[in-house]
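Here the chain labels run A, B, C, D, E and F in written order, and each chain numbers its own residues starting at 1.
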């Protein structure tokens, strides 16, 4: 099968890193097609960034649909534009936050989330509420490490990240940790080795869920909320969306 | 004071109609500056439309900010990009759904919402949950009248709308009705005359709330979630947002 | 328009102070009619006080109705007898807690409440739940300053109040503060000048909402829960209520 | 032990009827002291009635306290002034709605409530939420029988009541019925004989809970919310409450 | 009446101790029939223990049913197998956690729970949610005293228990304490004497509720969820359950 | 990898049928080890059945652990003994209800559940609440087909099942259907072909999740709630559990 792995920010380095993570966990018969938008923010760290990235992200979903991919992954922890992408796509669309929460809930009674900027805490809490995992989350902790600083993380930042994970475990009672940024995907192995609870990266979790849905023959339901978008005219830089 | 009234869809006729509603209710010292985006969908009727409209809407918020307006109103019932707009703006930003729910809750124990397409029901329910009005809402009803058909509504469509309002009152126990589309703003007078409960239009409600906040000297809190957006590079068609 | 501003406790000084606040924010065409009950507690600081004050408060609502006022404001943070008053009145009735929560939610992602006695904390939490703002409140803090000590607040008590506001901001993450007592109305200007987030006084917020509803032509819905009270005999000191 | 059974409305006939019910179920060592307020509404059927009745009810609580009763029962399904009464009293204070919900939850997975006027439905729902029984209630149904018509119920009204009980069982899935008015206390035997699920009357349930608390040596906690009311002056017809 | 008091663990000493507590509070006309299962864990301290104890417990319920007891009490704070027991029994079945929560909610605005091992905290929280008391609980605290160490509690362990009760009162704001283990039943008198809030033992609370239901003539509803179990074959060590 | 597929009821035919389903979807490198308990009910259709089956099920978990399986699946829609099994096992333990809900939530905005007896409805609702999927479920519908009648389903029963699925879609707005019994696993293909929305069988969903967790290297967290069970003596028919 072919999985489109969308990095919604415009950082090609981050796209490359998460593609490596994804390919390493994928079945040998799974092809990861990683992509980066042409238009949008270098990283996604507030609601403003997310809105701008979301519009550009939909171009990639359409491109993946034209290529006939079997699943789309939105690899940003805010799961931006997930509902819109599911309207657009026929194949399943998976957000890495939802994927991470699902895997965590199968192996732990409660999990913590460790993320980047404090600014993004309400976004994480909103997702926990939207998906129904609020009661399973022991808390969301911010490291205040900027997203792009994760790419080649320095020892001090890594220590900060690990320290917040430990605080989640010891102070909040987290029995597993969901990493709150796609940029942390490359750190999951090291953190897993050094921490006493399972560490969950949404990127690789999403890859396995995409494969699972494909093997189960399950596609996005096109009846109801995720039905085909309504036909209408678009103008200006979105004129290509007219239907 | 000056209020920027943003119609997030690209229908200039609808912008004109809601500007008339807004000006008619505004204080004589209030100037309504209505505007329409250059880019985006002709109407907003699903999550896809909302994502695309949201990116274009932020250009208008920035434009209003440059003009020094005293408040921004987002006049689409999905309150698209509200959080992002509040990050961007210093003046208050008001969504018409939140405005309508607030006014309704002051005069009724529970209210119904009557909206356009069935497709938008989950969006309305999501807003009720986000703002905390779920327990005060007796139900959301769709008329399946397309947004643009509201502009010069024909008698059959009007009857459909009125019938759903009556069903909300008689069957669901609604004690007031919140109209679920900015395009219904011109119908509020006629519906109020013909129905036994208060009818609330979010557009005019938002105008009064904008004036209220201005007179109270209250601005968007820039500490926390609505603080200034994070500086970073944007590429492609969003390069103008680089900071 | 004429707004009846009801101070539900029998402290005439407090009535006078809140009338000044209210008149200072009102439109020039708005007349504030402040009133104090003949019967009841000097201040409202526990459930017992609230029950006693509620019965007396309804006499004032009836008096305002006879005078043909255009709106009633119940200026005590417990919003006592709000539902009963809405049954009795035709004009809108606004509680200052609900007014404060509404205004706060338009300009901040979450707000704190700073109130008087610890005894009143459950009452505040009950109102947050009743109105649906629990998830938007970062916490309610008591200063343990008695209500009447707010009238001519001494520097130590003011410092205590300001300190709790700061704790709400720094420790709880409050992005705005709703003042939890009508007696704090005269302090809002000073607190606003000294604190880094918007400070919201429910008394003035209620005045603007009352004006807004009046200009929108919205009255209390008399269909359903707030319909006219049921006719029946009353005896003893409440015989005047027989209908 | 001595239990003060307070009928918060001024109908002496109803007080008499519920005293009979209470005494019939009480232990031989329990004395029921039934009482009727001097001041207030003939029946309690809306929020207005409840507010007026609540003030008068507290005089009776104080009177019971002076008499040294071992428990107080507030025998109106709205549980009026319950928190205030608990502040005032040292002995336990039990509301019949809470008592009914507790007993029902011990013998059924979910229960229905059948009450008097439709107007009181929001009050019942509010109590279910306040006490935490919302998820155990299959629905609240109104018969629109006025409270006082229950005293010497005619066959048509009884049939109406029984029909709503059956609808609660068959349509809503109620596994037990809580009667939503103290005035229904005399009907519980007949309804129990004719209906296939347990029928619960809050008045007798409250008597047993009062005896239980007494035998367990449990009194109202005076630490926290139900601590002694705050000392202060009261004026006018409430001057006797000054402390 | 006859009450079957089931200790679901196999510790006969604990059964004896709780029988003493129960008999001491029971009416003179009430006979307590205490029993201990033949099969199962010595104490119940995790989900595993609870599952194993639950199967054995049902044999005792059946035995009590054969003996024609008037009520069954499940005297373990996890209320194990409560729903299954109610299916099996005709007489009421009461769990001590539900009993304790009910009594506490009648005399305090919020209560704390003090229990044994930290491991059992999620179980207590699950019960609070299941019964609807989450909003009335100020917190659950573990002492990490093993269940069997409660039998002849040493001074150090008693001090630990008392210290957690005090922390619940002072730090969490508990206005009453529900003891979170049937093994604490013998300590309630001493704790009550030494602590400033009511202390509630679910065992004795359940006895009074069982008597109350009996005197009210209320039995488990056999319509719906607690209806007679479905007839079918059982094999192996459960073959005796075939119906 | 090796997956232990546990049918918690004692029907060997059903075990065989679900093993076929599981093996057909499994990767070629996955071995399905299906097993049936020696002791317990022939089918699980009420709380009583579930309690008895749960004790026997844990013997199978222990047996799988001794065999060193890589994952355990509990193939009964009530997810019986899931928490206890996770305490016992080191490998992940997956319940088919949780698995079905997770897969459904990835491809539909809301899903319906179609199950066997009406008696099991509260159990399904309890699981939806426990896992956090209540707001995503459009309703649970019972067919009142006994579990064992699913094995060689007759045309009338199949039609009944399909009819309830259609009602879930058309009347409740279900966008996907989760089948509420492991015995329906063999019907998923036929139902999928005949119905307009995705049909989800928890058995095969659980197989893919088990493979996913294994490939991700994720095991049950042994820190916290799912830590190793507490050591103690067991007596009688459970003496083998003594530790």
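The criterion applied here is as follows: contacts are C-beta pairs under 8 Å (C-beta built on N, C-alpha and C of every residue); 3 or more make two chains touch, one makes a residue touch a chain.
This structure is a prediction, so every number in the text was calculated from the model and none was measured.
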Chain of greatest Cα-centre distance to subunit D: A
Taking each chain's C-alpha mean as its centre, the one farthest from subunit F: C
Proportion of interface numbers common to subunit C and subunit D (over half same, under half different): same
Separation of subunit B from subunit E, taking each centre as the mean of its C-alpha atoms, in whole Å: 53
Interchain centroid distance [CA atoms averaged], subunit D/subunit F, Å: 45
Subunit B residues counted as touching two or more neighbouring chains: 83, 109, 122, 225
Contact set on subunit B toward subunit C in their complex: 25, 27, 83, 92, 94, 98, 102-103, 105-110, 131-136, 169, 173, 175-176, 192, 196-198, 200, 204-205, 208-209, 211-213, 215-221, 223-226
Touch list for subunit F against partner subunit E, complex: 10, 37-43, 45-52, 54-56, 58, 81, 83-84, 86-88, 117, 119, 122, 126, 129-130, 146, 225, 227, 229-230, 232-238, 241
